[in-house]
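Presented below are the structures under discussion, each in the form of structure tokens.
Common to both upcoming complexes is chain A, partnered first by chain B, then by chain C.
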Partner chain A sequence: MQAKHQRNAYFLAWSLGPLFIFLTAVFLGPFVYMLWLSFTDLSFAAPDRTGNFMGLDNYSRALWHDEVFLGSLARSAIFTLLSVSPEILIGIIVAEILYTRPIAQRLLSPLFALPVLLPTVVVGLYWRIMLQGEFGVVSYYLAELGLPAAKGILSNSHTILITLALVDIWQWTPFVALVLLAGRSSLPRAPLEAALLDGASQLRAFVDVTLPGMLPTVIVIGLIRAVDSFKEFDKVFILTGGGPGNASELSSIYAWRVAFRRWDFGYAAAICVLIYLLLYAVSQGVLSKIHVGARR
Partner chain B sequence: MSTRIWARYVLATGLLFPLFCGSCGKPAAQQGSKQANPSTTSVQKASWTLGENAKPYSGKTIRLIGEDYPPLQAIEKLKPDFEKATGIKVEVERYEAEAVLQKIAFDLNSKTGRYDLIIQVYFDMGRLVTQKQLRPMADFLAHPTLHNPAFDPEKDLFPLWKTMGWYEGKHYGYPMMALTMYTWYRKDLFDDLKEREAFKSKYGYELGPPADWKQYKDIAEFFTRPTQNFYGTLVQGKKHMALWQEYLNFLYSFGGAVMDTRDPSHYGPIVINSPQAVVATEYYKSLLKYSPPDSLNFTWDDALALMQQGKVAMCLMWSDSTYALEKPTESKVAGKMGYAMAPKGAAGRIHQIGGQSYYIPTTSKNPEAAYLFIEWMLQSDIQIGQQKLGGASARKSTYETPEVLKLPWTSAGIAALDHTHPAMLYTVPESLQIGDVIQLAISDALADRKPVQDALDWAALEIKKVVGEKAVLKYQPK
Partner chain C sequence: MKLRRILLATSLSFACFVLVCVIIVPILWGLLISLKTRVDALSTPPRWIFTPTLANYQAAFVEGPYAQPLLNSLVIAATSSVLAMLLGTPAAYAFSRSRFKGRRAAFLSILTVRLAPATIIALPLFRIFTKLQLIDSYAAIILVHTGVSLPIAVWIMKGFIDEVPLEVDEASLLDGDSRFGAMMKQVLPICIHGLLVTAAFCFINSWNEFFLALMLTGYESRPFTVAVPALVTPHGTYWGQVTAISTVALCPGLLFAVFARRYLVREVTGGAVWR
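And now, the complex of A and B:
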């Protein structure tokens, strides 16, 4: 019996050991190093800043002295709100429509997958061409429809976050809808049918029975999308570079600027850690609600 | 620098930037710092041949990296002749400008030694020198078989080779091209009799290439016809390197500056918020009225595309883009363009200079072969070949050849090179950071996010933060 346990232990060590080493090397190791880096002054621009330990200076600078960073965090939050809320709302409606119309579901599902399959960089380039003031198809037709300001749609610092959110909605709503459709399909039919038999209207039954059933799926996909949107880089970088001014400079773009334009790697690492901590805290908060709900 | 610190660099780049890869190579041999004495005898000049002197390096491969645009594409086309003559293989890696900066940073800081030769924007030179990442050229110049005695950079190159290749009195590189910005204008429209009459009746003087900034604005206003989708000028207004560098033409021409110095490798008082700078920036901003509505999202690429499509009457543009503008397969306005010096401001006609230089990293595994390639590229006949393929030669003799002289943009380019300021782009280690500050400040001003004075005051304070005690503020921000 003891020999069998020993054999099992060896088997586990040999089979999981490489995976553990790989994960440590690829994820944990670099993360710990980034954490260390965030306490240093490492810079590629100043020969005297060779990675000297400086305690919490980078964090203090980011949280209390760097208005540009705090502004970029606020913009990331606004961008997330502007993009994820409509994605969820439209996603729920589309999922319900597809669920109740199987033929449409079969025909449209493959099409829905298309924007998701495109690399984000390609989406950025695609919309850069579509929204280009002089050659862009979208800006042209919007101008023809009596919106001449559309020709400068990527140059408008007041509306740029909305424009970028619309591009994000275009890319991700189909994915959200497909996930919600899967969640909707897994719900038991009986409660809904009972509600309808009791005389509830379709809308009432949807709001009181279907939607609460879908809530865990909505929360999970909302969380995934929120984290993803908060980290958004590629599309915004290609479309505006964070401009005009810093009107669309999200926190990820700011981190890039600090690292690659200013070569200030210690400070860039601190910014990355802060973004990570913020997202981790929010995710844990949301996930704990789901766990509480599950225990009930 | 200790191994421990390099290890930090390696880990830092690997952690933050997934593109980083590669293995560490041995640093190349150390070199001395003596400056070369180019005095040579005519016997030496006559006996020096590339094929003979390259024999020890035959069979080696050198890898170079640079920005993907016509001058580097020209190198790709010309290199087979060098390979044939020397037996040295040349591999060229071409990327977008930002990617070049990053890849070079990874390579040099990790000591990977992937690149034997880098073609880097010259304003990043100070950062690389202070990090001890570039080899001084002195040893190569003093080497009897590596340096062709017939090549005398002092005599053969434009004086700006010192701005682009020297840092604090020491020689580190050679210009790959001597770029400058000048006025592009639609000659066909400027010569059109109806247009000329209409212009004269409205403004009281003849239509022609703008002599000063007032004329520039008049002409821009005259040609702005949004209903026809045609605009008088354009502004490269995206928060990008293009904005920083276009803006400097206006700033210096109006008598302003970023720092008050004529030596690009030395700091001077910070004057980016001077009264002259405010006037220059207000003027620059005023041109948005005559530019396409999406101007705040334009870089040099968009500017070139719009000009090629014939949607803009005139603009300030980099000389290296002219080739693409005059290429009939790519441009609707090929053969219809005129070129002139930039308009005159309070400080005269001042043209931005720029471009990249050849540098040999300390980590280069084949520095001698790389040096041979640089000198070969700078030969007069090769420079002419590169010029015809879209280069902007730093060698004077290139502009004496009839083939180059007949190019419609040559005279404007030469005149622009004679009217410049030696320190529009600095080579101090913080140069890119200063540029980043200027981009953000001017972008904010153009987008009306801040009044011009506030944006420039902010820029002055930020530059002060970047350079610290090395420079003082001349104008206290309000």
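And now, the complex of A and C:
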């Protein structure tokens, strides 16, 4: 018994040890270092700011004196809402259509998987080409259809978040539909059939029986999408760089600008910590209700 | 009643058709631009029919320096996915087979890493690598991409190992094998396809990654994700070359979509199930 116990400990050491050493080196170590930086005034642009400790100054500056930062948080939240809710809504409808059509399912699923597997940089560049004012194909046809404003679609500060959300919707909706389809397919058929036998209409049965059954999947994919969307950097960076003005400056882009354009490292660290805390609090609230690895 | 049904079926097929077009057109348009001359690419109204040319590919890869970033991407993605598999597979095996204190906490901490924004490590790592003079080296970006891929590798691999019956290990252990032996000789050969899918997913992940590469690589080691956006300048852009490189760059994703898509859903959601 003693030998078996020892062998088990040895097994855990060689299998999990390297993983946690590595994750500590790449994640935990840098994270702790960044926590430290967030309490200092380190800046590469000012020679006298060599990393002196200054307590919570960076945090109070971000939360009470920096309206650009608070604005960028709001823009991230709006962008998340504008992109994720249509993705889920269309995803549910498409999943329901595909569910009863196995042939369409088989033909369409490689296509549906494609957009999320493409480099986001390429997605951003393709849409930038198509939305260009001078020669973009989408803006051209929209203008032909009687929307001359489409020519300046990437430089319209009022609609830019909607435009960017549409690109995100293009990239993610098919995948969300696939996930929801998987959730839909794993539901038991009996309750739905019983409801239909009892004389419920298709729509009624869908709303009362199918939707509640799919709720878990909807929440899981919704959370994953919301977190990713709030972190969005690549596509927006490529498409607008945060502009026009700072109309599409999401929080991740603002953090990048403070760190790598203004070289205000201590302050940027504080911003990153705040963004992370926000994401962490929201996702923990949901995650605590999810049973991880329940397939076993 | 019958008419209504036919109408419904037609409109649904039409909706599917529109959906397919919406997905395909941007990718197709990128491909078309890469095969156009500059005049064709910039013409209004947009030209759908034209004489194709490979001039852009030649300009980007033969005359221009853009084969190197693709090669860099290949080196970084291949090395980091192999490293992630080497470190991640034993861990996945342990998570799948062992009951130990803190198992759930350990697994959740791996999940938390997946949720963390990239800015959170990019900032300190930039400073650390600058001090170590590792900025613009393959080592730096490979190390970081391995770290990012690792949680995903453990997560997906655990799913595959879970599907191997416990009896397989037990028989092997009774034969006198060590845990390591049981894993290498019995369990992994059964889920070899799982190993390949997981490695492919790590590869795609690193191949597509932009933000960390932007921060931590320089001219020598930059992957295509960093090199291509740099081609877009306010003074004029060779869209032909941009799309030519992009077209080559989307091949791994295309291959994955065709051959391994059925694993995609569980890879991203990680089999997280509502309690």
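Simple rule for what comes next: the second predicted complex is superposed on the first by the 287 of 296 C-alpha atoms of A that agree within 3 Å, B and C clash if a C-alpha of one lies under 4 Å from a C-alpha of the other, contacts with A are read in each partner's own complex, and residues count from 1 in each chain.
Everything below uses one rule, namely that a contact is a pair of C-beta atoms (placed from the backbone, for glycine too) under 8 Å apart; a residue touches a chain by one contact, two chains touch by 3 or more.
Not measured: the values here are computed from a predicted model.
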Superposition on chain A - do chain B and chain C clash or fit: clash
Contacts of A:Met54 with chain B and chain C, given as first, second, both or neither: neither
Touching partner for A:Trp127 - first (chain B), second (chain C), both, neither: second
First, second, both or neither for A:Phe27, with chain B first and chain C second: second
Residue contacts with chain A in the superposition, chain B compared against chain C: C
Which of chain B and chain C A:Leu154 touches, first, second, both or neither: first
Partner chain in contact with A:Leu37 - chain B first, chain C second, else both or neither: both
First (chain B), second (chain C), both or neither touched by A:Pro244: first
Touched partner set for A:Ile92, first chain B, second chain C, both or neither: neither
Chain B versus chain C as contact partner of A:Ala165, first or second or both or neither: neither
Which of chain B and chain C A:Met214 touches, first, second, both or neither: neither
Superposition clash, chain B against chain C - the stretch among 78-86, 114-122, 294-302 or 384-392 that is involved: 294-302
On chain A, positions contacted by chain B and by chain C: 30, 33-34, 37, 134-135, 259-260, 265, 268-269, 272
Residues on chain A engaged by chain B in the complex (per definition of touch): 30, 33-34, 37, 40, 42, 44-47, 50-51, 132-135, 139, 148-149, 151-155, 157, 240-247, 257, 259-263, 265, 268-269, 272
Parts of chain B lying in touch with chain A, wherever the complex brings them together: 1, 5, 8-9, 11-12, 14-17, 98, 101-102, 105, 109, 127, 130-132, 229, 237-240, 292-297, 302, 305-306, 309, 311, 429-430, 432-433, 435-436, 440, 443-444, 446-450, 466
Of chain A, residues touching chain C in the complex: 7-8, 11-12, 14-16, 18-20, 22-23, 25-27, 30-31, 33-34, 37, 94, 97, 104, 108-130, 134-135, 137, 140-141, 144, 170, 174-175, 178-179, 182, 215-217, 219-221, 224, 227, 231, 233-234, 237-238, 252, 255-256, 259-260, 265, 268-269, 272-273, 275-276, 279-280, 283, 287, 289-296
Residue ranges of chain C in contact with chain A within the complex: 12, 15-16, 19-20, 22-24, 26-27, 29-30, 33, 41-46, 87-88, 90-91, 93-96, 98, 100, 104, 106-108, 110-113, 115-121, 123-128, 143-144, 146-148, 150-151, 154, 158-159, 162, 178-180, 204, 207-208, 210-211, 215, 224-225, 228-229, 232, 239, 242-243, 246, 249-250, 252-254, 256-258, 261-262, 264-266, 268-275
